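In what follows, chain A forms one complex with chain B and a second complex with chain C.
Up next, the complex of A and B:
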């Protein structure tokens, strides 16, 4: 297991480095000049040139990239070209908002999705199963930004239960502001997870070891909660691990629609402004989060299923 | 008085503030024009010297960014170890910065050192909401008391306003136009450019893209400003017969589709699609190139390589301060390949641009700027579209104060019953 984790961590470093280089190269390939945005339209060409030199933008791409990694090894992620603040302070001030949003979305959607999936499997063919199936597919089909807009209209504008924009302060304040965006992002995952868990549970309930457990006279409740559920949620855990990428994308919409701070909105603005240091910092951090999420989902799978554990 | 221990505002602070734009080669130093320097003659008196008259000083330089006065002592103290970044060291108005949480809010509070009339509120919170629709929903949800709204929503709000709400629409200082790159091989023929000018029906475009909330413009200088033109040379509704005449002189439509470069906002797409349909009436085919703002903002810049050569039609928008020089200065020959993407060059225009900066008589200045816009239009490189508009709404509990262009003057906001 330890060797597996170390191997995956080494691989993760390579993945992060490749992702940063590739995405940064793509950004440099498209036209745009951050100095034009920083200095404004009235800057003289001489001043623009001097600023480009000061920012190192006159150097070849590979030198800029190597400089970034060199500085990174010293713990320096660079400086925001607009505010002069350190990239690390900006990215890490925004990251918790996005991670909280993603975590809240995963937790509520997984909890509900697993319950619906299991219940549908036990009541296979019943009207509850059929209704859950229709609802699941419906929520999967509706994009999260549509859910965000309807959530806003109904719960913020109509009922005024929740605020429309911002992130709030204090634990309960932030939780209050989190409800609508987490609902918007998580709702389609309820459907996904419910469908995956239902299919998985149906397969497990017909598996040899479950039939054996029944033959030994174990109660259905014990079979489900002690043996079947652990295995039935494995595909859902994998789905969530790989789905963190999609959740980051959905968070971008949610952060724009709900005017929330977060790394999604930060990276969109930084790309539009060609604010390379912020883009690099955001790519680095989000890639690390995504790689770690995949690793964690693999480890959780191994913890839940001894067969996977033995194979590592 | 400045906040903290920085004392009162003196002529030394004025000198320090005004001259530092030149001293530090600020990107906005051109707003000071031919400023020579400030001579301090007493604690509260001094002389601001220019090498020659500079008329924009009254409407641009003094009221906006470079004319703001900072505390010399506070700035020097705060910059000893570098710069003060986003933490201003002193304040001099009715409010001061209480808290700035990036991408979340800016909170202002009363400045205890302020000795003038007390401001209307103990504090004001400014929420940065990038999307107008989100801002509208935030208003309806009761999260904000004042917001700009989109022109797309204006008619609905006017028909059915939220409770206890005032809705107003103000003119804007922006200007939107369809530009044509004179140096592009296809568009170098003035007859083709004129054909396009006459084929474009501005009323249809503005009506569709701004939902009836904006008017066609007559140039780049908005109504109410010195130099505003009463009418265009080409009528707003266009003239298809004239367009056909010019197209015939040009030898017919281009063999390849022309490109229309636009930024990735939906209104540009609407406008481009209407222009596409209007030009198709003459048999001129077009393709729309949608670009993100980072790419679009450097479209015609020579510093960005050879891209400018392929630019043909551009839907563009600039904004200005209330002096006409802020609009015309982008279209002089020196700006070709920088911000003058149509690559319009005209000696008379350049001379008028210089002369108008020193002209003190508003009537004479106005004539000059009117002529300059005529020259732009005569070149065939411009089809002026609109100045847009700024609709906004606020609660009746607030006595909101805005500039003539609809920008909020937060310092003047008061409770409606106060």
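Up next, the complex of A and C:
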């Protein structure tokens, strides 16, 4: 188990390291002076000089990257070239908004998806199963920003049930502002999770240990809740773990469309201002969060499934 | 099931027994056939767009501003009086171009890298797999934003971003298949008879990966189209006044309090095309390679 965790941790660090190298390499690969590329039309000779020095762009690529990596280990991701504020503090001030949004989206969609998936597995072929099947394929393929736009159009602009702009204050205020964006991000996950849970539930209900439990005369309720369900949600856990990448992409749109604060809104603004240090900081932080999420989902899998635990 | 050999005993199980039987099965799958019709309509409309569009997509004030659908303007008009139907049709051309270009690029490069990983030495395999994992742990949109910051927005940037992020999907499946086959008995036998690496690649490996690759590509199209529209929506893809479904949505978003029609006009084609490719892709998967069912 320990070796497994260590190996996964090493992989996670390697992925972040590759991200750092890639993002810095891109600066040097682009033809022209990278400093001018970063600053764009607003570059003044003085600003160019300051940025070049601050980011170490006057030094060779490998030294610059190594320096960046060393600073990163100390939690230093450089400074915003325009305001001089630390990139880390800017990014971390926005991160909680995005994480809350992603957590809210995944919690409601996982809860509903697991219920629908289990129901579809028990009542295979019923009209609920069939319509859930078609609906999940449909919602999976519709991009989340289209969902977000319709949410905004119908429930915020049309019916005025929910606010269209901002993040709210206080617990209930924030929850109220979360409804539409979390709906837009989560809706396709309901279908995804329902499909995966249905498939694994069907497989488990036919498995030997469940047949034996039935032969022993255990009630169906007991079998489902104490044996089958735990295993049946495993693929959903993996799916969510690997899907955090897509959740972040979806969050970018939800934040822009509902004018919410967060990493997505921050990075889009930074791109429009051509503020590469901020872009770089946002990407690194999201990559780290994503890598951690994958790690956690692997560990949860091992914790829920004795077969995986044994194999470690 | 009896029409196409699907068992692993046949080395070329990825292919249907014939195109005709595949077609018959597609026609029998109602949802898949519906998807096929949507996909065909999309491709025909995108190719014919310049000739069937009723107005110029960039000509302003061909009608009133933000008008609802009417006989003159079937999908209404946008904030500067451009005809939305014409813009949607031309936007379809952009979507088709991006989808075709990125999938061709990602397939080719992914195929080559997958072969290198599956056929090459172990250290190369390890490095490539690590790279695939790293690329897959960037959110496409976020990675796209980094590239756009440096290269500036535009159609070619979109193609670059989406191809790079799709390469690992193709490379992984080619790698898995190659590894499974490189020590198959009949490949060993062929090698013992003195066959070169290219003969093994083209006669044995290629036919086995074509099926899964076609299926993956058809399922990848909706993602590619959604990413193009998404980047253009954020103002980081296609440049105005060129029409893309994303830029139509962006205009619609800006004026959402004045008129719902631009948002509706921009989203309908995205929804129909992604649905079409998804249904079609699922049907193709059932026909070509039922084994993939568990992975996707």
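Heads up, the rule we're going with is that the second predicted complex is superposed on the first by the 269 of 312 C-alpha atoms of A that agree within 3 Å, B and C clash if a C-alpha of one lies under 4 Å from a C-alpha of the other, contacts with A are read in each partner's own complex, and residues count from 1 in each chain.
Here is the rule we go by: a residue touches a chain if its C-beta (ideal position, glycine included) is under 8 Å from a C-beta of that chain, and two chains touch if they have at least 3 such contacts.
All figures in this text were calculated on a predicted structure; none of them were measured in a lab.
Could you tell me if A:259 is touching chain B, chain C, both of them or neither one (first, second, both, neither)?
After superposing on A, A:259 lies in contact with chain B but is clear of chain C.
Tell me which partner A:291 touches in the superposition: chain B (first), chain C (second), both or neither.
A:291 sits against chain C, while chain B stays out of touch.
In the superposed arrangement, which partner chain does A:112 touch: chain B (first), chain C (second), both, or neither?
In the superposed model, A:112 contacts neither chain B nor chain C.
Name the contact category of A:218: first (chain B only), second (chain C only), both, or neither.
In the superposition, A:218 contacts neither chain B nor chain C.
Going by the contact rule set out at the top, does A:5 touch chain B (first), chain C (second), both, or neither?
After superposing on A, A:5 lies clear of both chain B and chain C.
Is A:45 touching anything from chain B or chain C once the two structures are fitted on A? First, second, both or neither.
It touches chain B, and chain C stays clear.
Using the touch definition from the top, say if A:140 reaches chain B (first), chain C (second), both or neither.
second
Based on the superposed arrangement, let me know which partner A:157 touches: chain B (first), chain C (second), both, or neither?
Both partners, chain B and chain C.
With the two complexes superposed on chain A, say which partner A:94 touches: chain B (first), chain C (second), both, or neither.
In the superposition, A:94 touches chain B alone.
Touching chain B and also chain C: which chain A residues?
In the superposed arrangement, which is not itself an observed complex, chain A uses residues 30, 37, 152-153, 157, 256-257, 271-272, 274 for both chain B and chain C.
Would you pull the chain C residues touching chain A in the complex into a rising list?
For this pair, the touching residues of chain C are 31, 130-131, 133-134, 136-143, 145-151, 222, 226, 229-230, 233-236, 249, 252-253, 256-257, 260, 263, 267, 270-271, 274-275, 277-279, 282.
Taking the touch rule as given, give the residues of chain A at its contact with chain B in the complex, in rising order.
30-33, 36-37, 39-45, 47-48, 83-85, 90, 93-94, 152-153, 156-157, 160, 163-167, 256-259, 261-262, 265-266, 271-274
Touching residues of chain B toward chain A in the complex: what are they?
That would be residues 25, 27-31, 83, 85-86, 101-105, 127-131, 134-135, 137-138, 140-144, 292-295, 297-299, 301, 303-305, 307, 330, 338-339 of chain B.
Looking at the complex, which residues from chain A come into contact with chain C?
11, 14-15, 18-19, 22-23, 26-27, 30, 37-38, 134, 137-138, 140-143, 145-146, 149-150, 152-153, 157-158, 245-246, 248-249, 252-253, 256-257, 267-268, 270-272, 274-276, 279-280, 282-283, 286-287, 290-291, 294
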